[in-house]
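All remarks here apply to the structure that follows.
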Amino acid sequence: MNAVAIPGRLSRRQIAWRAARDFPRGACVNLGIGIPTLAADYITPDQDIVLHSENGILGLGPAPAPEAADPNLINATKQPITLIPGGCFFDSALSFAMIRGGHIDVALLGALEVAETGDLANWRTNDDRYAPGVGGAMDLAVGARHIRVAMEHVTRDGRPRLRRRCSYPLTAPGVVARIYTDLAVIEVDERGFVAREIISGLGLDDLVRLSDAPIIPADDCRVLEVPALSG
Amino acid sequence: MNAVAIPGRLSRRQIAWRAARDFPRGACVNLGIGIPTLAADYITPDQDIVLHSENGILGLGPAPAPEAADPNLINATKQPITLIPGGCFFDSALSFAMIRGGHIDVALLGALEVAETGDLANWRTNDDRYAPGVGGAMDLAVGARHIRVAMEHVTRDGRPRLRRRCSYPLTAPGVVARIYTDLAVIEVDERGFVAREIISGLGLDDLVRLSDAPIIPADDCRVLEVPALSG
Amino acid sequence: MPDKRVASYDEALAGLDDGMTVMIGGFGDAGVPFGLVEAVLDTAAHDLTLVCNNAGTGERGIAALLKAGRVRRIVCSYPRSSGSHVFDALYKAGRIELELVPQGTLVERIRCAGAGLGGFYSPVGAGTDLAAGKEVRDIDGRAHVLERPLGADFALIAAARADTWGNLVYARAARNFGPVMATAARVVVAEVREIVAPGTLDPECVVTPGIFVDRVVMAEARS
Amino acid sequence: MPDKRVASYDEALAGLDDGMTVMIGGFGDAGVPFGLVEAVLDTAAHDLTLVCNNAGTGERGIAALLKAGRVRRIVCSYPRSSGSHVFDALYKAGRIELELVPQGTLVERIRCAGAGLGGFYSPVGAGTDLAAGKEVRDIDGRAHVLERPLGADFALIAAARADTWGNLVYARAARNFGPVMATAARVVVAEVREIVAPGTLDPECVVTPGIFVDRVVMAEARS
């Protein structure tokens, strides 16, 4: 079953939208590179979220008009951003003290793989031709209070990203609590993967076939519904 | 020989004056409680000294007029001070990073005893009736680049403060490099105590009698001369 | 970010309970949140452990808590000062436990807790009585003491100004322990002289980002 | 405090020599002192070890040093970015050594050196390849890795404004590694856009106290 062929699978923006819905009111959130960064666009004002960027910013606002971009005001993905009123700047030591010290409520991260034990692999593959880069991935994975992952359910060539064990080097063992994919919302607890929401038209057995680990349904497992989104 | 009876012994202010003469040009200096604090009054503008206080100040200036005192602007002795232009404030973590990290050039400290090995005892006696207090003494003794001591040569009841071994609990082992007393300026090196300057009229043998350790004269040992000082 | 303002000391100290550890900012009197500290007397909390640089002077602030018998243990660097007679008497009578910590080690242990680290090696205290019972390790030819993180249930700090998000700036040398304690307690309460709207404080000059602060209360004269 | 101004990049880099370790501030391009970094090309220094968050992009800054063969080893968290082709090619060819460090551990190891500590235990990296060869210790039921201080011979940082004593303030997110690197090198050089008289900067808002800074140089366009 080729992932691309699955009818009704979510776009990257829809995954981000769904993840953003779950940010707790008033939370401080760090968004990783990739799909997570897109979630910034779907936070609503009533959620009262403040965004943290590990390069020393609290209170990230939307991207500026291109002509207003300040090269000294970028997010962790190195894209120009703005600062909201009440935001502030600090050095990298304090920024990572925030992260490791449990002051970030939610880190929404991209991933290559997640294991049913909550192990996260998101910093390198096994291809040694390319230099690895880790950035703040390990710090976030270990330090933020709740670790959530937003990623596509399988790779472009159909390889499952949800696994019994990660095949790639770990970022941190046993840290992922929830996963948002283009097919489902999945909790990770002592039972392993637990499907809470699955897209319409896809059965649990289909989901399991697209994974490399068992997935059990939550008692109240329901349909994963997202609006149409442009961009 | 009673210390009080020694003719020509220096006043506390004269000890402080002599210590201030040796601050290297451009140095950052921390002054401990007691005689060291008095040294602030004898630094000359051409010395280009900046004073550090462990409660988070660089650039201490002279005491303000009583009516201008700000309870939020005090030195480590908790006396009101002023801030010179170019001075700044920071938190205690950064202040002690400065101290331990070797960024303070000279700490001039008070002492109860100094041993010929450079051991410093300045935080408590052996009297257990009173609660001990250590403050920043150990941090300064271990962290500043040059540790100098300003103290009276013997206690009020004539007990020598320069000793083979300290009888009081140590602040830090092997750290003191120079001692300013009311009788002499003494270096501490691998030979032990080396007298560099002795007040007029006092012989090396007198100095040794007032100490609990050998003292050898420096090749160029000379007379310790200070001006008359009021206050 | 939620609005952190609370209307009273009562609300500011909600949840403070017996046996808790409470950090109190300040060096001497500078930076002590006197109103908050004395409001602890209006709670029922006993058997407290205080973490603070000094043990109070006169009958105010920390000394008032000690005098009222609310404190079982104090972790500090310099308990005795001129005027610390309340502490002195309790100590002599064996009615208070003291953990004495070098000042730099005290603030670094607090930072260590706030920064999510498990401990650090410091040369300070090696070869002295204050290293008793601690692991000592030779690092690059120099003795180092293993120091452990020091966190708390509450941190009570004083700042000059806050915005409603809890961003803080301090007044001169009253800054001292405040910014570090703000990182290391479950509930961080700041007593301030002024509260402004978000965006009023210069984002380059905020010392304590609001993320560290849970409650902001206006300082008031104690009746 | 002495006047820290120097008149040229030449003076700013005096003493830089073969085999030295050089910290370079910045996250991406923000906070990289481009003029100073490229002026290293005008010195004879080879076999450098760089400590920096990224390994440069395009042909400028850090990438220019790499391309000129001045760098033997790089300690960083995120060497590869879009545009890091100089680093990528050297790495593939085995012509540069890489020590990869999680970003928070990198800055904390630098702080550790600057703060005179011997090391710290961090939960970050435990159970991963980046803990290989390091001491791992269980602290309160959680695995921690022993991390060692990371100092340097030179630190090259960018700030927005300095006074002649070397007090520094930064520009927005260009602050990042600068304040911490300034504490941890024998010679700290700040490239700035403006130099003012002592007393001009607000003492409450100075980020890097001048005590940490050895030389201040005005940024200039490279000819």
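In order of appearance the chains are A, B, C and D, and numbering begins at 1 in each one.
Here is the rule we go by: contacts are C-beta pairs under 8 Å (C-beta built on N, C-alpha and C of every residue); 3 or more make two chains touch, one makes a residue touch a chain.
Worth saying up front: this structure is predicted, and the values here are computed from it rather than measured.
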{"item": "Most remote chain, CA-based centroid, reference being chain C", "value": "A"}
{"item": "Chain centre separation (chain B, chain D; CA means) in Å", "value": "36"}
{"item": "Between chain B and chain C, centroid-to-centroid distance (C-alpha), Å", "value": "30"}
{"item": "Multi-partner residues of chain D (at least 2 other chains)", "value": "108, 111, 115-117, 122-123, 170, 172, 203-204, 207"}
{"item": "Overlap residues in chain A, where contacts from two or more other chains coincide", "value": "83, 89-90, 96, 99-100, 143"}
{"item": "Interchain contacts, given as pairs of chains that touch", "value": "A-C, A-D, B-C, B-D, C-D"}
{"item": "Chain A-facing residues of chain D, complex", "value": "27-31, 53, 77-81, 87-88, 91-92, 98, 100-105, 107-108, 110-111, 122-130, 170-180, 207"}
{"item": "Sites on chain A touched by chain C in the complex", "value": "25-26, 28, 48, 50, 52, 58-59, 83-90, 94, 96-104, 143"}
{"item": "Chain C - residues contacting chain A, complex", "value": "1-2, 111, 113-117, 163-165, 167, 183-184, 197-199, 201, 203-204, 206, 209-212"}
{"item": "Touching residues (chain side chain C, partner chain D) in the complex", "value": "108, 112, 115-123, 137, 139-140, 142, 144, 169-170, 172, 202-205, 207"}
{"item": "Residues on chain B engaged by chain C in the complex (per definition of touch)", "value": "53-57, 70-74, 78, 83, 89-93, 95-96, 99-100, 129-139, 142-143, 169-173"}
